[in-house]
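Shared between the two complexes below is chain A, which has chain B as its partner in the first and chain C in the second.
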Partner chain A sequence: MTSIPFSHKMGAHCESGTVTSLLNHAGLTISEPMVFGIASGIFFGYFHKHKSFTFPTFIVRNRPGDIRKNIRKRLGVEFQTYSFKREQDGIAKLDELLTRGIPVASQVDFYYMDYVPSWERAHVNVHFMVVIGKEGAEYIISDSYFPKPERLNEESLRRGRFAGGNMSPKGFLFFPQDVPNEVDLKKPILKGIQKACFNMLKIPVPFVGIKGIRLFAKRVVDWPKFARDTEHLSHEVMKINILLEDQGTGGAGFRFMYATFLQQAAEIVNKPGLKDLSSELMIIGDGWREISLFAARIGKNRDLGPEKMKELSEMIMERAQVEEEFFKKLKQSIK
Partner chain B sequence: MAIEPGEELKMEIKTLIMSTLNITDVDPMDVDDNEPLFGGKNAMTLDSVDGIEIIMALQREYGVRLNDQNLARNIIQSINSIAEFVAHEKAAS
Partner chain C sequence: MKEKEGFVDCPEQQMILYVEKEDGHYGPMQTGSYITKNYIDDYFTKRNNLVISLREQINRREISPVKFFMIFEDLTINELSARTHIPLRKIKKHMLPGHFEQLPEDILNRYAAVFNVTIEQLLKADPGTELQNAEATKP
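And now, the complex of A and B:
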């Protein structure tokens, strides 16, 4: 078995990049920001106490898997999915699909991807990439974080696919089975925006959307109480930078990618106002990037006294204010 | 087509990085244009936190946006790759 002819592309985010690559391979021309926007990928959630996390944290995108599920719903793409109880079944199914010439998306623990430089590896159970072939004991991987296809040995892929812990992949595989050749994107775009506005403005729980950003701003000053010591606090504060910038967010917690989506959507749905909103979101994103940098600096310098934590809190609160105004305008713009 | 950046631009970028990151103990002439800026043996010994400072400094100084972190990671690999990107963006604008 060798590599399946597959056009490898870099992407900003692993899940939207993987879904986009597979849709393009199946003949549907669509960009990654468009996939992200139609799937209502932009989000915010703050978890001060949660059984899955040992320290307060936040998310800036919808749940893993939702990109694929929303694309299925809104574009009418049928995906074949598999998850496995027994490792050998998962390995056999992947090899069988590759033999049939089908590139397959795989969910893995990022840590076991040996082609990733060691200093960038972390245990993240929801990394997605496409397996595009096998040569001897090595799989050929199209990972949207990397400029060219990479190679991964059988054992590393097995460990990545069947890693334990929170959100364990269970060997999860998927590929598009039925893809329309052409899709009218107008309705899916409007639906995607509508849902994103609902998620950010209307979900009636205090830790989601704009309310979640405000909660984050209010509670981040309490983080020192949860930390074991300064080293631990520094690590957690620096993670703000990682969560906003380093985990395939496309920059500024996905705000830049969503801005690109709005730019592209403006033409398709013939609503020029979306272009202005796109520019506005780029500037909002710059503010998130400032937060990211501030958190990285105070964490790195162990400069984590109450004044700095208060300053961080104020910066986050300001993002809540500007994002609330932004999403209200976005909601109005598509009426 | 790739645009060959001039030596002057490369020196300007080295100086910008050093002033942004407050690096005072390295001579810009000692920084190899091809040497990886991160995780390598570069004279400036940068870490990942410095990356975002460089991205923001490039945006401020040259008006070039590096929004996509994966793309950014490839571009800020070395002085040469940054200079090529800046020269390309300047030519395109």
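And now, the complex of A and C:
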């Protein structure tokens, strides 16, 4: 078996990049920001304590898997999905699909992807990439985080697909089975925006949406209490930069990609107000990027005393304020 | 963010950043990682210091290699339990050197597989090539 002809393309984010590549392969021309926006990908959640995290952390996107599920619901794309109790069944199914010439998305623990440089690796069970072929004992992987297709040995893919723990992949595979040739994007765009506004403004949980950003701002000053030592605190504070910029967000915790979606959406739904809001979100994103750079700088300098942590907290609190106003305006704009 | 402000020269870690193009449209640009470009030395310094500190604790017989790798790979005890299928109370014991030294090979294998190292590396608390390659992989 060799590689299936597949147009490899880098994406900002692993799940939206994977879904976009598969839809493009199936004949539907759609951009990654459009997939992300229709699927209500923009989000915020803060976890001060969680049994699966060694340190307080936050997320800036909706629940893993929801991009695919929302695209199915809103665009009418049917995805064939598989998960497995027995590893050998999962391995056999992947090989069979590849033999049939079907590129398949696979959920894995990022840590076992040998083509990833050591400093980028982390045990995260919700990484998505497309398997596009197999040569001997190596799979050929189209991972949207990388400029070209990579190779991965069978054992590493097996470990990644069948890692246990929180959100265990269970060998999960999916591919689009039935894709409409043309879709009217107007309703899906409006539905996607409506749900994103609900997620950011209305979910009655104190650690999600705007409330989650405020909680992050309030609790980040307590981070030193959780750290083993100054270097550990420095590492965790610098991870704010990684979570907002490097971990597949398109910059500023997905704010730049969502602004791109709103700009594209404005023309399709003929609501010029969305274009103004896209510019506003780009500026809000610049503020998140300032937080990223500030976190990296104080972490590197070990300048992590109460005053700097308070300054960081105030910068985050300011983002909560501007995002609350932004999402209220966004909600109004689609009525 | 303007396109010209977004470019970072870091071929070792490429990524997509959404930026404002010259014509006012927003779109993707391929660029490099800012933090890898500017702070990778600091990352490896901290990782090296962490290894030294944890190995000192092993030498003082305060922790076992299980605890070493749990901290090194940023796993909680709940995560390690779910991944190895070893009960929490047993892992708590395995984090102590006395209990760890008596572990049978099949249990060691389960830990080694999750930590993605060989049994030899597990026993030596050797995280492998990451730190040895630090110099070579520096952007």
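Quick notes on this structure:
By our rule, the second predicted complex is superposed on the first by the 335 of 335 C-alpha atoms of A that agree within 3 Å, B and C clash if a C-alpha of one lies under 4 Å from a C-alpha of the other, contacts with A are read in each partner's own complex, and residues count from 1 in each chain.
The definition used in the following text is that a residue touches a chain if its C-beta (ideal position, glycine included) is under 8 Å from a C-beta of that chain, and two chains touch if they have at least 3 such contacts.
None of these values were measured; they are calculated from a predicted model.
In the three-chain model built by superposing on chain A, chain B clashes with chain C. Once the two complexes are overlaid on the shared chain, A:R214 sits clear of chain B and of chain C alike. In the overlay built on the shared chain, the residue A:Q263 is in contact with chain C alone; chain B does not reach it. Of the two partner chains placed by the overlay, only chain C lies in contact with A:F53; chain B stays clear of it. Of the two partner chains, both chain B and chain C are touched by A:N241. After overlaying the two complexes on the shared chain, residue contacts for A:Y112 are found with chain C alone; chain B is out of touch. Once the two structures are superposed, chain B and chain C can be ranked by residues of chain A touched, with C on top. Judged by the touch definition given at the top, the superposed model places A:G11 against both chain B and chain C.
By the document's definition of touching, both partners, chain B and chain C, reach A:A296. In the superposition on chain A, no contact is made by A:R158 with either chain B or chain C. Once the two complexes are overlaid on the shared chain, A:A122 sits against chain C while remaining clear of chain B.
Mapped onto the common chain A, chain C and chain B collide along 5-13, the only clashing stretch among 5-13, 77-85, 95-103 or 113-121. Under the contact criterion defined above, the residues of chain A that touch both chain B in one complex and chain C in the other are 10-12, 117, 119, 145, 147, 238, 241, 245-246, 248, 250-252, 256-257, 260, 282, 285-286, 289, 292-293, 296, 299-300.
Listed in rising order, the residues of chain A touching chain B in the complex are 10-12, 117, 119, 144-145, 147, 238, 241, 245-246, 248-252, 256-257, 260, 282, 285-286, 289-290, 292-293, 296-297, 299-300.
The part of chain A that touches chain C in the complex is made up of residues 10-12, 32-33, 51-54, 111-112, 117-120, 122-123, 145-147, 159, 163-166, 168, 231-232, 234-235, 238, 241-242, 245-246, 248, 250-252, 256-257, 259-260, 263, 278, 282, 285-286, 289, 292-293, 296, 299-300. If you check the complex, the residues on chain B that touch chain A are 39, 48-49, 52-53, 55-56, 59, 65-72, 74.
Of all residues in chain C, those touching chain A in their complex are 1, 6, 12-20, 25-28, 30, 33-36, 38-40, 42-44, 46, 49-50, 73-76, 78-79, 82-85, 113-114, 116, 129-130, 133, 137.
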